[in-house]
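Read the structure below first, then the notes.
Order of writing sets the labels: A, B and C. Residues in every chain begin at 1.
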Amino acid sequence: MATATQSVPGRARTLLRNVRGGDEIAYLITFLFAASVVLVTAILVFELWVKSGPAIHKFGFSFLWHSTWDPVNDEFGALPFVFGTIITSVVGLLLSVPLGVGAAIFLSELAPPKMSNALTFLVELLAAVPSVIFGLLAIFALVPLMRHYVEPALISSFGWSPFFKGPAYGVGVLTASMVLAIMMFPYIISISREALIQVPREQREAALALGATRWEATWDAVVPFAKLGIVGSIFLSLARALGETMAVTMVIGNDPKINASILAPGYTIASVIANEFTEATGDIHLAALVELGLVLFLITIILNGLGQLLLMLTAKPGTAR
Amino acid sequence: MKTIMGAIPQPGITGSASEQTVASFTPPMPSDKAGPKLRAANIDFFYGKFQALHNVSIEFPQNQITALIGPSGCGKSTFLRTLNRINDTIRGSRVTGEVVMDGINILQVDVTELRRRVGMVFQRPNPFPKSIFDNIAYGVRINGLARRSEIGEVVERSLRRAALWEEVKDKLHKSAYALSGGQQQRLCIARALAVDPEVLLLDEPCSALDPIATSKIEELLLSIKDQCTLIIVTHNMQQAARVADLTGFFLMGRMVEFNKTDIIFKTPARKETEDYITGRFG
Amino acid sequence: MRRLWRKAVNNVMLTLTGLCALVTVSALFLILGYLLWNGGKSLDWDFFTKLPLSPGELGGGMANAIIGSAKIVALAALLGVPIGFMSGVYIGEFSGKNMANVIRYTADLLNGVPSIVIGIFAWTLLVVPMRHFSAWAGGFALSLMVIPVTLRATEQFLGQVPLELREGALALGASKWKSVVTVVIPAARTGILTGIILGVARVSGETAPLLFTALNNQFWSKGFGEPTASLPVMIYTHAISPYEDWHRQAWAAGLVLLGLVLVANIAARMVLAKGAATQRG
């Protein structure tokens, strides 16, 4: 049987020499399947790189900070989409993190176990709702609400600041952010809840034994201990939000402009790809869209990596700071 | 190691009721305060349907160290934890009987106030993920026991009482996790002392520590008992013999025998006690 | 007094965090409620049996989308589940630590790829050479999303099989692969199956990867080589259209899709919970 200390090619050679027994065959077969996963992922990255070639060749890095998107004249700049992607996700986070972490604290520390399990189950079902359904509800339920009530209220209260300048379209960055926030709830809640549950009982008991109230024990002792896990959940949710396509596309307004006001329409990377890909005019247009996809891919890898790292750190005992 | 008693007579002691006969009885000692600091009477404890404590009654004299010993699962930790009601956090748990301190049944008072007066040190050191300073200051701050300007003094005083000041005075703002296990446990003792408790409960405080750290903590306990009433659960009979004035032997949820430590270890009245002491079980 | 203040804060925060939980849970109920109301109104037998009509003509259904989704999802499962499962078996049972980390990291990477980018990849790989949109491309795209989920579930539940079980088989003279196939995998089968169901349910609701792979189709698609309608894409195109009647259809389709996804999720979780309970008992 091959040992784990040999290199992969070495082991493969040993295997092929020894293929007689069922174990070696089983190893080989499962290895091939696993290798195919690596292979297809590598091809994915490769294809993204190659197909965006023409655009990379033409624009270089300046692609990232130009803001003209003009298919007619083959002028492509990614900035409005990068901006739109980031702003919708960040505003979405601002809305969902307080609610999500608050709910996670309630579910892990303060609620009776039966209630906690039932509510957690329901929250996790929310994660199963397809993006296009969120979009459907957003178009027909959220947008009218925004256009007729929420946005006019915001404009009259805060319209003096550049962030809330009208008109009240109903669609736009804020609406898309709200949809994203709702889509991020289940991830923030379930991962944070897990992190909070894993805090050793003695931390909470130590605080209680000093005369702390339940809330004080939770906020001062348990939550700081789970800090890394909670932040990790935020990174992971952010990574999902950045790649979210359908729900955002349906309510963002599809306007490739950068605007200080969150009530204005915008455009995200995923949305422009979804809208323009099948009707791309010319090779450069297509390559630019693929390059946008590559940019999005890289951002999500980094965020996912950071998030996983943070979660791994919480799993190690005694490292909570 | 210090020997415990000498000829100091102890106040009246009762064992648990019904089948058990009282081990020995010595006349009450004239003292400043009348009666014991803490008196548990007829304590029954239930985890759901399971009864973990049966009719336990003990009196803990003031400024003495009482040890609770017994085999694993005998209920000694459960009993200790009823004294500061930290068991309240366990769902499905129920306690009947009374625990009287200063004339009031603490099982029915505001629990956060109780816990300031009856502190606890746990089996494994459990400092918060904060600095050494903030760990000690925590109880003081939330209970509003000192002005901002005085907290530093309180921290130093507590660390001195816990015999930890010299070792950490230059790194008060470093994380508590940078300390060794023994130091962390002394930190937890300092943290508990910082709120000036009248009673300190210790649940096997040395079981996770090496012998040197253990002996440091035992010395520390002996040095603070004049400011505090100490109740310590221990697996280690030698520790009870070294440190405790009184000892109670628990078996299967019942308090079998309670007396001066000397008597428990040298001339125990009950066979179960003798069997445990001599290592025939447990 | 300080004590009263702290008690008050305690109660306020308990209520506030409870409200947070309530708000997030109510999102689910709002969605269900809206769909049941609007979708229920529009759902009829025609929906399941007729083809979509051109805008302006009332009536019709999305029968082709239902069949199309079934075809694409079945293809995705057929491609993705074996690959994910076998890879999970490799990591869990046969590989060394380093290879396992590489594969696991790759699977996580694949899992994190935004679904629209998966669509781009499937497009470059299949649509371009074939010169047309097809269910093959759509199924392939979705299979890329099934693989990581299946792999993780397989690895996780194989890992939960206790050592005593494995050693018991080996002690009876079974070879490694026999013990894996006859003892370990069966012991983990509930969890793995649950993971597969959840993964497949998730991809059945995905839209973005199908936008430029299977595209859409107002009519029936023969075989797998043609553009194929699917429920999610239909919902999308109908929802953003300006036609009232198409909106109606979108609600109905949304109700059907969500219903299927939720039923699959709830069933899978219940199976998992029961499986875990019997293992403990």
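Here is the rule we use: contacts are C-beta pairs under 8 Å (C-beta built on N, C-alpha and C of every residue); 3 or more make two chains touch, one makes a residue touch a chain.
Since we're looking at a predicted model, the values are computed, not measured.
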Between A-C and A-B, the pair with more C-beta contacts: A-C
Per Cα centroids, the chain farthest from chain B: C
Interchain centroid distance [CA atoms averaged], chain B/chain C, Å: 55
Computed distance of Cα centres, chain B from chain A, in Å: 50
Approximate Å spacing (C-alpha centroids) for the pair chain A, chain C: 17
Per-residue multi-chain contacts in chain A, two or more chains: 213, 216
Multi-partner residues of chain B (at least 2 other chains): 112-113, 142-143
Shared-contact residues (touching 2 or more other chains) in chain C: 6
Touching residues on chain A, where the partner in the complex is chain B: 112-113, 200, 202-213, 216, 220-221, 224-225, 227, 318, 320-321
Chain B-touching residues of chain C, taken from the complex the two chains share: 2-3, 6
Of all residues in chain A, those that touch chain C in their complex: 1, 3-5, 8, 21-23, 25-27, 29-31, 33-34, 36-38, 40-41, 43-44, 47-48, 51, 98-100, 102-103, 105-107, 110-111, 119, 121-123, 125-126, 128-137, 139-141, 182, 185-186, 189, 213-216, 219, 239, 242-246, 250, 270, 273-274, 277-278, 289-290, 293-294, 296-297, 300-301, 304, 308
Chain C partner contacts - residues on chain B that touch it in the complex: 110, 112-113, 142-144
Chain A partner contacts - residues on chain C that touch it in the complex: 6-7, 9-10, 13-14, 16-21, 23-25, 27-28, 30-31, 34-35, 38, 82-84, 86-87, 89-91, 93-99, 102-103, 106-110, 112-121, 123-125, 144, 147, 151, 175-178, 180-181, 198, 201-202, 204-208, 211-212, 215, 232, 235-236, 239-240, 247, 250-251, 254, 257-258, 261-262, 265-266, 269
